[in-house]
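Structure first, then comments.
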Amino acid sequence: MVVDGCPPRLALTEADIQPDLDRRRPGQSKIVSPRKESDTVQILSGTFEGKTLGTPISLWVRNEDARPEAYSEMKTKFRPSHADFTYFAKYGIRNWQGGGRASARETIGRVAAGAIAKKLLRERHGVEILAYVQQVQKIQATVDPDRVKFKQIESNIVRCPDATAGERMIRLIEKMRRAGDTVGGVVEGVVRGAPAGWGEPVFDKLEADLAKAMLSLPASKAFEIGSGFGGLALTGRQHNDAFRVRNGRVSTKTNLSGGIQGGITNGETIFFRVGFKPVATVMHRQDTVDESLHATTITGRGRHDPCVLPRAVPMVEAMTALVLVDHALRQRAQCG
Amino acid sequence: MVVDGCPPRLALTEADIQPDLDRRRPGQSKIVSPRKESDTVQILSGTFEGKTLGTPISLWVRNEDARPEAYSEMKTKFRPSHADFTYFAKYGIRNWQGGGRASARETIGRVAAGAIAKKLLRERHGVEILAYVQQVQKIQATVDPDRVKFKQIESNIVRCPDATAGERMIRLIEKMRRAGDTVGGVVEGVVRGAPAGWGEPVFDKLEADLAKAMLSLPASKAFEIGSGFGGLALTGRQHNDAFRVRNGRVSTKTNLSGGIQGGITNGETIFFRVGFKPVATVMHRQDTVDESLHATTITGRGRHDPCVLPRAVPMVEAMTALVLVDHALRQRAQCG
Amino acid sequence: MVVDGCPPRLALTEADIQPDLDRRRPGQSKIVSPRKESDTVQILSGTFEGKTLGTPISLWVRNEDARPEAYSEMKTKFRPSHADFTYFAKYGIRNWQGGGRASARETIGRVAAGAIAKKLLRERHGVEILAYVQQVQKIQATVDPDRVKFKQIESNIVRCPDATAGERMIRLIEKMRRAGDTVGGVVEGVVRGAPAGWGEPVFDKLEADLAKAMLSLPASKAFEIGSGFGGLALTGRQHNDAFRVRNGRVSTKTNLSGGIQGGITNGETIFFRVGFKPVATVMHRQDTVDESLHATTITGRGRHDPCVLPRAVPMVEAMTALVLVDHALRQRAQCG
Amino acid sequence: MVVDGCPPRLALTEADIQPDLDRRRPGQSKIVSPRKESDTVQILSGTFEGKTLGTPISLWVRNEDARPEAYSEMKTKFRPSHADFTYFAKYGIRNWQGGGRASARETIGRVAAGAIAKKLLRERHGVEILAYVQQVQKIQATVDPDRVKFKQIESNIVRCPDATAGERMIRLIEKMRRAGDTVGGVVEGVVRGAPAGWGEPVFDKLEADLAKAMLSLPASKAFEIGSGFGGLALTGRQHNDAFRVRNGRVSTKTNLSGGIQGGITNGETIFFRVGFKPVATVMHRQDTVDESLHATTITGRGRHDPCVLPRAVPMVEAMTALVLVDHALRQRAQCG
């Protein structure tokens, strides 16, 4: 992975990045894929004596537990709701071993880059970024975006700060794993402490960049910010966030806007929800076709996640941080 | 507006663009803003003898019914849930007359460019793009993305192809207008006929670009593709789209994926939903603050939309077309 | 023309832009094209009460003296060393009236944008940008980039600060005009007052961006910075710029580097030379072919420049300013 | 190095890339730096069974002979005409060991990517790219860009296809090395077989992109295409390239344009010249200052090139190929 655009003189070592990779890696708990990858990161270039140089940062994580032979059935058959067929349609060639570029292992790079972005935002801008599992299938957690703490999120293996809901989610995921089936859910992302004024007015609205970042994550299907789809039940009078002055600055009484108005932060907490579909690899026989257009079946096997949500949490944080840093730098360039 | 990147030798006159501007303009029906703008488009450059030259196309629409004096109260006060405050926070200066750059009049440019993109997709790629109002506040329409026709959409002023639901939506919007209040809803976008293979595998996934395009529209708060948030109730076995062969090509039995897998089209119908919040301008007194941080109130007045949905339909079509054209050209460049 | 990226709150009216357009326009003196274009600029949007808003600035200049009928011969014939043939090869269609997009009238937009950039650099960064004619055909002027003044440049119609050489250049250009022939030459560009630290280390080196900007100007064929091709006669010992301290900052004794080292400014005066070929339109019969691949001849007629150099001066200034502003903003974003 | 944008299904192994790295590496002859780097390349990802996948290609070359201790004097002192000072001014931090990012070792990535681009151009477009040393200090070679062959270029260690001039160049460089001094010169680049129609009309003119690419190379100071600065001695009548028909296609009698007109290829041979300054590291004491702004001296030592020209040849080829591929893909996207 190569991270370009990081400002110089930020203290940075592998210890700033590894914890988020550990939160993403397989094998971290009983409810995720049991593959054994230490995902140990090494900084190859871009820092000097523990500080960033302002030039690109090159990072390195080795695959350790790849088993290409486990994918031999995929050589000719397309797995349902995977990218095997679409890659073949696009490129006329595909690496069927492990999914190639479509493997979610590519998110290691995102999480590593995001860890750097999170540190930059925290140290230079006082911005805090969090994410957590808010829903697994139909089980919903109750969480206050303004108050949730990192420690609460990390207090259970599903990364749900609502302990009771978290327990139910874990039991459901375990049940799914035993059944060879999978479930999806919702990760909620939160940004606290961003100043008013970050974002762009038209095409690169902050919520637009967040939406793109989230929909670029594997298995995500939906995004909503602030009141989202739920806000449609309200009328304009009910939905508007009245302004008031608090602590000497403009604030809003409610926050249905989700911290962004007209594409630009208003200084309130940003929060949004990302929907992830159930994992496509199930341990059951499914109808499909092969490259020669013959009907056939395929059965998932191997070491897959019954639910991506716990591992998606650091991904959502990472993408959020990368979007926010981009806008922080743009704001400084244009209006600084 | 300047449209760059349109291929040469496409037949193009104002008559290709004006109909979509007419669908977007105020004053078109009793349920939208009564402002009188003809929004007549003129092509200034980029075509020759009725055909595109391959060089930028410059388009021109004049404002005819601007009333800056109507905005004098906004000179110092921030309207709730508008961009007045965030623009001021970002730029330290703002054009308070008519909202300036934050005015939804900027969508004229999008709709004009989108009309060109739609023509290109239709004529050169056989791709059809449609959008329609699927929901207004709590009223939902029943529409089949695979079969809905343009004529059905345009058969009523709310642009809902489900006539019964459309009638109810119109009545609700009229009621809101009388009450000086507003409502939001959902526009559904549909792409039919796109070949398998358009899109990108990681950051520029087609659904990610669609999400960004939709969230960049004024008042949009939410996006979901295929099964979206609703798909979270299903397990992986239920959610997967089994492959089959139909008409000599790979097809899927269901389409919960919404026509995109791994960021790339699979040849099925693409469909997605965009949530628009209720319009922020309501004809009631609301609490707010002014530039000097004093508490005050502001009351909306003037000629505003009680619901943006009918006018948002051509915007969603336009942004969809622009995203699709971009990926069509990228596909031709890289894999053509 | 649309200028995006200008910071907010810069005082800006048409009076800041018009002078540079006047220096570029035809009809300004006896040695340039006698076409009558006032090239009057109007700001359509992007400013409010005389200040930039931070949003795109839209500018407007009308063509007044276009004579499409003068180009009828070009309808089928390709003018030698013009872009008629290459546009046809690229696009399969071309606007043969006045050269279409290949007309140097496109440089109006560059000069207008450059005027804004020059003002920004002057007022916010203390940077001064100048250009002047240093050579016409074989006549070379003697100019010191560290001391040349705007007033000297504008003291004659060829824009050469060396009055004696300027006189000879003017006589040569007049002679060429009478002979229906043309000449080229060199414009030298100068940047004074840029701080050390602007530029990028690898692909976007400041001199690389300047080279691209200059070679993008119509009729330019060559670029050299600092010692340029002339420096090749020296050895490394002779060519190196020794460092010293002056006025409390790092400075160099000589400036063969031309103010840029490793892609980044060192605080010395930046200077470079741009070679412009003789204008392709000559009033003589020339061999060519037509669209049907038949051999034919074509004779230039009309109101053309015998030498683009005097009018190229504001173009070089403009492109220089645009490159410098870009790097000033990048530096502020990344290291500010 | 990561190469993005390469089309799928191009046969590609390390054997396609290594030869160009061997032409770039130190230690290849007696007239270049004696550092011992094998510069062995390994493809990490992006190919499958010997063919490109269409996804990014990751390449790996290890440093083997770095000697950080050789640079201890640079810890506080700025080397004249190097980037030590400007990096410090820009970033406020610098890796003084080996020049860090400013080291010409970064050109390994360019040459590797260029080797892939050259293969793509050759196999899919029939385009041939060559470069050679045309001048060392004052010694000029006589070379015909239309006929020069790769074998002639590689027939001597200075990469000059004019054997007599090449012998003199080698002797001069050896003399310089013994004297602890350095020399510069000119590399000429040639593109044969490009179709008419590649390029863009305004900002991204093909010659503009070539100019940027060349000026982004370490130590380059000048660029000219076609007649370049030399063409300024001619009048328009003499300089124009008359069109004719040859082999059933439009051709020019002369080629002072250098194969590009109005920013777009015309089907003739493209040729240009790049001026490289004498290497800044000389084995003599030079005046400089240190980070504390004290006057001091510094003396070059170690294993440096007395002349970069022979090693710059593959760099010029690489950058040329990368620019041409970009425009080939753009042409296919827009007009394909």
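Think of it as A, B, C and D in the order they're written, each chain with its own count starting at 1.
Quick note on the criterion: a residue touches a chain if its C-beta (ideal position, glycine included) is under 8 Å from a C-beta of that chain, and two chains touch if they have at least 3 such contacts.
Remember, it's a predicted structure, so these values are computed and weren't measured experimentally.
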Report summary line: Two candidates, A-D and A-C; the one with more touching C-beta pairs is A-D
Query raised in the report: Taking all residue numbers at the chain B to chain C contact, is the shared part over half or under half, that is, same or different?
Result: same
Report task. Quick one: report the Å distance separating chain A from chain B, using the average Cα coordinate of each chain. Result -> 26
Query raised in the report: Using mean CA coordinates as chain centres, what's the chain A-chain D distance in Å?
Result: 41
Report summary line: Cα centre of chain A to Cα centre of chain C, whole Å, reads 47
Query raised in the report: Could you say which residues in chain D touch two or more other chains, in rising order?
Result: 8, 54-55, 90-92, 101, 201, 335
Query - chain D-touching residues of chain B, taken from the complex the two chains share - result: 5, 7-8, 54-55, 201, 329-330, 332-336
Requested in this report: Note which residues of chain D are touching chain C in the complex, please.
Outcome: 78, 80-83, 85-87, 89-92, 101-102, 106, 135, 137-138, 176, 181-186, 195-199, 201-205, 207-216, 218, 221-229, 231-245, 248-250, 252-253, 256-258, 260-267, 275-282, 284, 286-289, 293-295, 331, 335
Report task. Going by the contact rule at the top, pick out the chain C residues touching chain B in the complex. Result -> 2, 8-9, 48, 51-56, 90-95, 100-101
